[in-house]
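Note that the chains take the letters A, B, C and D in the order they are written out, and that residue 1 is the start of every chain.
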Amino acid sequence: MNWTNSLPLAVLMTSFLAAMIIFMLPESRHRLRSSINIAAACLKLVLIILLLQVVLRQDYPEVSLEVLPGLSLILRADALAMLFAGLSSVLWLFTTLYAIGYLENSPNRSRFFGYFSLCVASTMGISLAGNLFTFLIFYELLTLSTYPLVVHRGTEASLRAGRTYLIYTLGGGVVLLVGVAALYALGGDIPFGNTEQTAALVGTWPGWMALIFALLIAGLGVKAAIFPFHGWLPTAMVAPAPVSALLHAVAVVKAGAFGIVRVVYDIYGIELAWQQGLLWPLTLIASFTILYGSWRALQQVDIKKRLAFSTVSQVSYIILGISLFGPLGTIGGLVHLLHQGLMKVTLFFCAGNYAETLGIHKIHELDGVGKRMPLTSAAFTLGALGMIGLPPVAGFISKWYLGTGALEAGMDWVILVLISSSLLNAAYFLPVLQRIWFNPQQGDWPDEMITRWRDTTPLLLIPALVTATLSLLAGLFASSVLSPLSWAELITLREYLP
Amino acid sequence: MSLMQSPMPWLLVIPLAGATLTMLLPDRWRSAASALGILSQLVAALLLSYQVIQSGPQIYAMGNWQAPLGIALRADGLAMLFILMSALVSSLCALYAQSYLKAEKRANFWPLFWFLWASLNGIWLAADTFNLYVGLELLTLAAVGLVAFAADERSLEASIRYLYAALLGSMGYLLGVALLYGAHGTLALDSLAEHWHWGPTSQVAVTLIVGGLLLKTAVFPLHTWLPPAHGGALTPVSALLSALVIKASFYMLLRFWIELDIYRHLPSLSQLLGILGAGAIFWGGWMALRQQHLKWVVAYSTVAQIGYMLLMFPLLTAGQSDASQLAYQGGILMLLAHALAKAGMFLAAGNLMICTGKPDLQALAGMSRYRPLTIFAFGLAGVSLMGLPPSGGFSAKWLLLQSSLLSGQWWWVVVLVLGSLLSAAYIFRVFAYTYRETGEEGDRFARPALSMELTALTLSVASILLGFAAMLPLQLISLPGPLMEALP
Amino acid sequence: MNEMIDWLLLLGLGAVAITSLMSQSIFRAVVFFILLGLLLSLVWIRLDAPDIALAEAVIGAGITGILLLDTLGQLKKTGKLTTEPSPSRARLGLALLASLTLVGLLIWAVLHQPQPAIALHQQVADALPESGVDHPITAVLLNFRSYDTLLEIGVLVLAVLVGLTLQSKDAPPDSLPGLPNPLLHACLTLLIPAMLLTAAYLLWAGADRPGGAFQAGAMLAAAFILLHLSGTRLSPRRSEFLMKAGLVMGFGVFLAVAVSTLIGGRPFLTYPDGSAGMLILLIELALTLSIGLILLSLFTVAHTPAQLPGKRRQDEQ
Amino acid sequence: MSSDLIFTFGGIGLCGLGLFGFIYHRHLLRRLIAFNLFGNGTFLILVGFAQQGQGNSDPVPQALVLTGIVVAVAATALALVLIRRWFQLKQATELPEDSQS
């Protein structure tokens, strides 16, 4: 056995062990806990880079364990897995830093960081899963480990939000379970990438396989917050800002979207799915969700709520890209998985900064905040412009590919969807930017924190700046070898359209 | 060397001797003797498993009289799994009880505990229908005694209810055995299976046996005695009862069902058992959702979980061998996962009640901050009970799902799925209470001993690990033996 | 003629059973239950089962009856007996349905009895010479199926144990006064030795005739209970350890004999060649004494009122 | 009809009566008596039915009944201990109706 084969397991274990150690630590050991957290995040990043090297050589390390007769847990690092794993591990590092700053002096940090790490461990499991069964296991584990984070504050509102979250995600989980179990009953264990196996099944039971496709997508669609399963996402906003970042950018919605990618490309195969007519309903739903999310975002007065509906809309860009038959659409969808993550995490960091530093929660309270917190506001502006899709921020790249992908797939009407959604995005972000930069300050801030820093504390500020910069760089240097775009192209070339 | 002939009788001798000695010894020696007994039990169980794995099922003729004249003990893969399971759960519960009970209470706890263990081992190994009756009665009396241990109003009421239900159940069973003997002239399971005559007498006998055993297993709607008994007993007792005692009658049911070919002859009874199971899942889950008393939630959860185990019966159909195999594996795995998870959950619940000093859910506010380890144990056990991955409960549910899909009985899929959601509802309800912040500080809480927290955690973690190591028990129960031959 | 007797017995059995079940007065119910036990003894004799007849008379009717009567007395003495709530119509319906179904099923089952494939009594007869005793039932109980018997003694010990558990240590001494009746004492001095002698005989006879440890033990218990009622205390509080040792002695000796053969390299519960009879007698002797004490304890344990438990401990809810 | 068959039917009757009383009554002592009736009926069936089938006196079921009687007396005694305790605490001879379930 090659040493590289143990890398996927090592990636998973770094955050899992970190979680276990943190659970064992007494509440008061803040410094030690933070050190372990950061060390684990850095270690994971190193391991991911090592793994990237291996995957670039067209070598896909794999470990498996037979857990039930004929059924194995498989961890396998392929190019697509690395896309998601890379994104999560980068964002984990910054979210951890941010969370350490954000939760300073608040209770229950041991519990928080423990589940936080567990949550990232499950995300790693999701990205490295080598078959649907493994995916399902980590997908459910993600639900379990995020629940304590959502209800972290322990207030009535957060417990209610936790209940809503559970109803949606567990409901989606069992639908997914039934889909996975039915697929297994028909064809046995199908590792990702073995689309020939599925093709044979579709030949025999076309009706069943279409039903299973619907079950799988519906189950995954809950976490991806596709309409009508998006209801939990705005409700879960009561959680602390780092958790929102985790839900929206790093882990949860991404897990759903990533799962859909896996099902479409690695279980059914895009060509087969296209031929069977399974994709166009997905395109329709995604388009509708994009418009619906934007429309709802426009009506929100709470910053985080507006961002939440923006996520509903943005994640469906990914789904849209996946559902378009053709390499350009695929690239657009995959690259947006990364870009949306970077931009959304920036926005949430900034929203958290406003709330922590000045007590601002509503949009109308933002008047003149640009002068008080220029750096945070600059990062926020970058993220918002990227969401609208203005060049040179990363969002532009995604939309460009999605548009050309739609043309390639012969679905010209999708262009209209993209344009109108961009207009809506502009409509709900530009007024915010106007308030930040151009409106004068109205009276005192709701709840100002006294710090010796001009903007806000470094631990809150730096992660936001870094992710904002990254999303700018991803757009500016889209054509370089290291950019998310190149990686998405690599995946597309290597795996889907040989 | 002669000692090593077969470890089988030692699995009975040690607990019986333990019961005798712990009655007579002074307290200091009592605990030491128990510890020694537990260790030697573990050794004997492992030795016997080794033998069974190496050289197949073992038959042991008591007093050297071959069955059917004498009584034989029989150790096959299934029996071994149950022996190992009860060894693990009982020893951890015993460890817990050592800290939980005060010295003067322990005096009477140990003999009862040892009798309980002896009867369990007796039942797992028994191959004689009347011997099973005596074992069942020994088990009942020990269990009732343990329930009545607290000697207050609630536990007395519970124990009387329990005793009456159990007595009726065993009498029904004995009546069935009487008919079987009259029709076949033998009491031994093996020779019954060999000379099995399927006619009215056998049908009535089987009906009575199944009915009696269902009552003793607390199958819905005959479950009403269970929640007070399991919810009202002392914590280590609740854990033993829910994890092991109800499994005894279930185990007997399964043996009869498969070895005497009942599944082949009474398919409608199979479906009936499945329907009762579904009823148990929904009713038990619904009642668990409505309880205000922590341990009653856990007790009603047992009612619901028994329902899952019953789902294996309609899936053991004569026609489909694959589906039947899956159902058998899934059912047994479900039982094992439940034993571990429920014991862990009861012990964790007991710890929480020690912390708050109150039995109700309301008092749990803020507990997830104060006792994260215990909450974690409770949560892990809950994961397995809900059947969420990765856990033994999930693997079991997966197998049952596969079996229902394969045999085309899709309605059980619906039951399994809805049941999972219901159990998630009542478990997360408890969990939500522990997250509530009331603003009061944590120092009003008492603190359970570390060993008590660790035993709960060990059991819960084991129920999770079972999800990864399910192949071991599945291989064990698939070893050749009379049961496997009779399985479709 | 014989069949006549059988039918008459059956009729009596039914009448007595119904009376004991449905009688208005609970006291009468118990008395008729004891009467039923005596009738059953006759039935057992008709069924060619004198051992059971003996056991039924002494244990089924005797000990159970005494226990029931004594409990009833206790209930009457300690409290105002609340009037019994009359059972609901639903209960009546359920009970009728259940019992009629059961009877129907059983009759159907009995009428379709197949010819048994195995004749176990033949095997018993064949193996009897090796068993060490001449009486087949004793051979079955203490040799062929001795494992059942071992567990059964366990059940008895367990019942007493639970009784002892429920008895709180600080209970007041037995409030029942000794009976100062001189006539009774005179009777007892005659009766007790006679009973002890009968017990010894029953024990000895068990080897080749009806009788054995259970019947003898029950007789012993009857003697003990009489002594107890007359004021002589053999109660656990006198010497707890000795009492407990006596209770488990039978079980312990049985187990020890079984284990000793196991250590000797022979299967569990085997008797070494030639010494089966001796060992069985030894076990029976210990069992008789223990069973006597156990039955007595069941009586006294049930009899001694335990005190209301003190303040309940919070951690043991 | 042989004695064996007659008393087998007698046993069936006792079982029916016992089950009836066990369900019908609420008084704990009455239910205990009913249980003992049920038990005695079972014992009669055990011996009578077996001997009817064998056409011969059979020591095995007789031995089983001896065991059964002892087990029954143990169970009865245990029940009585519990009943007395219950009576002391609650001054009641029956259990409360199920309210929880």
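Definition applied: a contact is a pair of C-beta atoms (placed from the backbone, for glycine too) under 8 Å apart; a residue touches a chain by one contact, two chains touch by 3 or more.
From a predicted model like this one, the values you see are computed outputs, not experimental measurements.
Chain pairs A-B and C-D differ in how many C-beta pairs are in contact, and the one with more is C-D. Relative to chain A, the chain whose mean Cα position lies farthest away is C. If you average the Cα atoms of chain A and of chain B, the two centres end up 43 Å apart.
With each centre defined as the average position of its C-alpha atoms, the distance from chain C to chain D rounds to 13 Å.
The centroid of the Cα atoms in chain B and the matching centroid in chain C are 30 Å apart. With each centre defined as the average position of its C-alpha atoms, the distance from chain A to chain C rounds to 72 Å.
Taken residue by residue, chain C touches two or more other chains at 106, 110, 113-114, 116, 119-120, 124, 145, 148, 152, 155, 158-159, 162, 166, 306, whereas all remaining positions touch fewer.
Across the assembly, chain A contributes no residue that touches 2 or more other chains.
In chain D, the residues touching two or more other chains are 15, 22, 45, 49-50, 52-54, 60, 64, 67, 71, 74-75, 78, 82-83, 85, 89. Contact annotation for chain pairs lists A-B, B-C, B-D, C-D, with touch applied as defined. Residue ranges of chain B in contact with chain C, taken from their complex: 2-3, 5, 9, 12-13, 16-17, 19-20, 23-24, 60-65, 68-71, 100, 102, 104-105, 108, 111-112, 115, 118-119, 122, 130-131, 134-135, 137-138, 141-142, 144-145, 148-152, 175, 179, 182-186, 191, 195, 197, 199-201, 203-205, 207-208, 234, 353-354, 357, 359, 446.
For chain B in complex with chain D, the touching residues are 130, 133-134, 137, 140-141, 144-145, 148, 151-153, 156-157, 159-161, 163-164, 167-168, 171, 174-175, 177-179, 181-183, 185, 187, 223-224, 227-228, 287, 296.
Across the complex, chain B is touched by residues 23, 27, 65-69, 71, 73, 107-108, 110-111, 114, 136-137, 140-141, 143-144, 147-148, 151-155, 159, 162-163, 166, 170-171, 173-174, 177-178, 181-182, 184-185 of chain A. Chain B meets chain A in the complex at residues 329, 366, 368-369, 372-373, 376, 379, 383, 388-390, 394-395, 398-399, 401-402, 405-406, 413, 417, 420-421, 424, 428, 431-432, 435-437, 467-471, 474. Note for the complex: chain D touches chain C at residues 1, 3-10, 12-17, 19-27, 29-30, 32-34, 36-37, 40, 43-45, 47-54, 56-60, 62-67, 69-78, 80-85, 87-89, 91-94.
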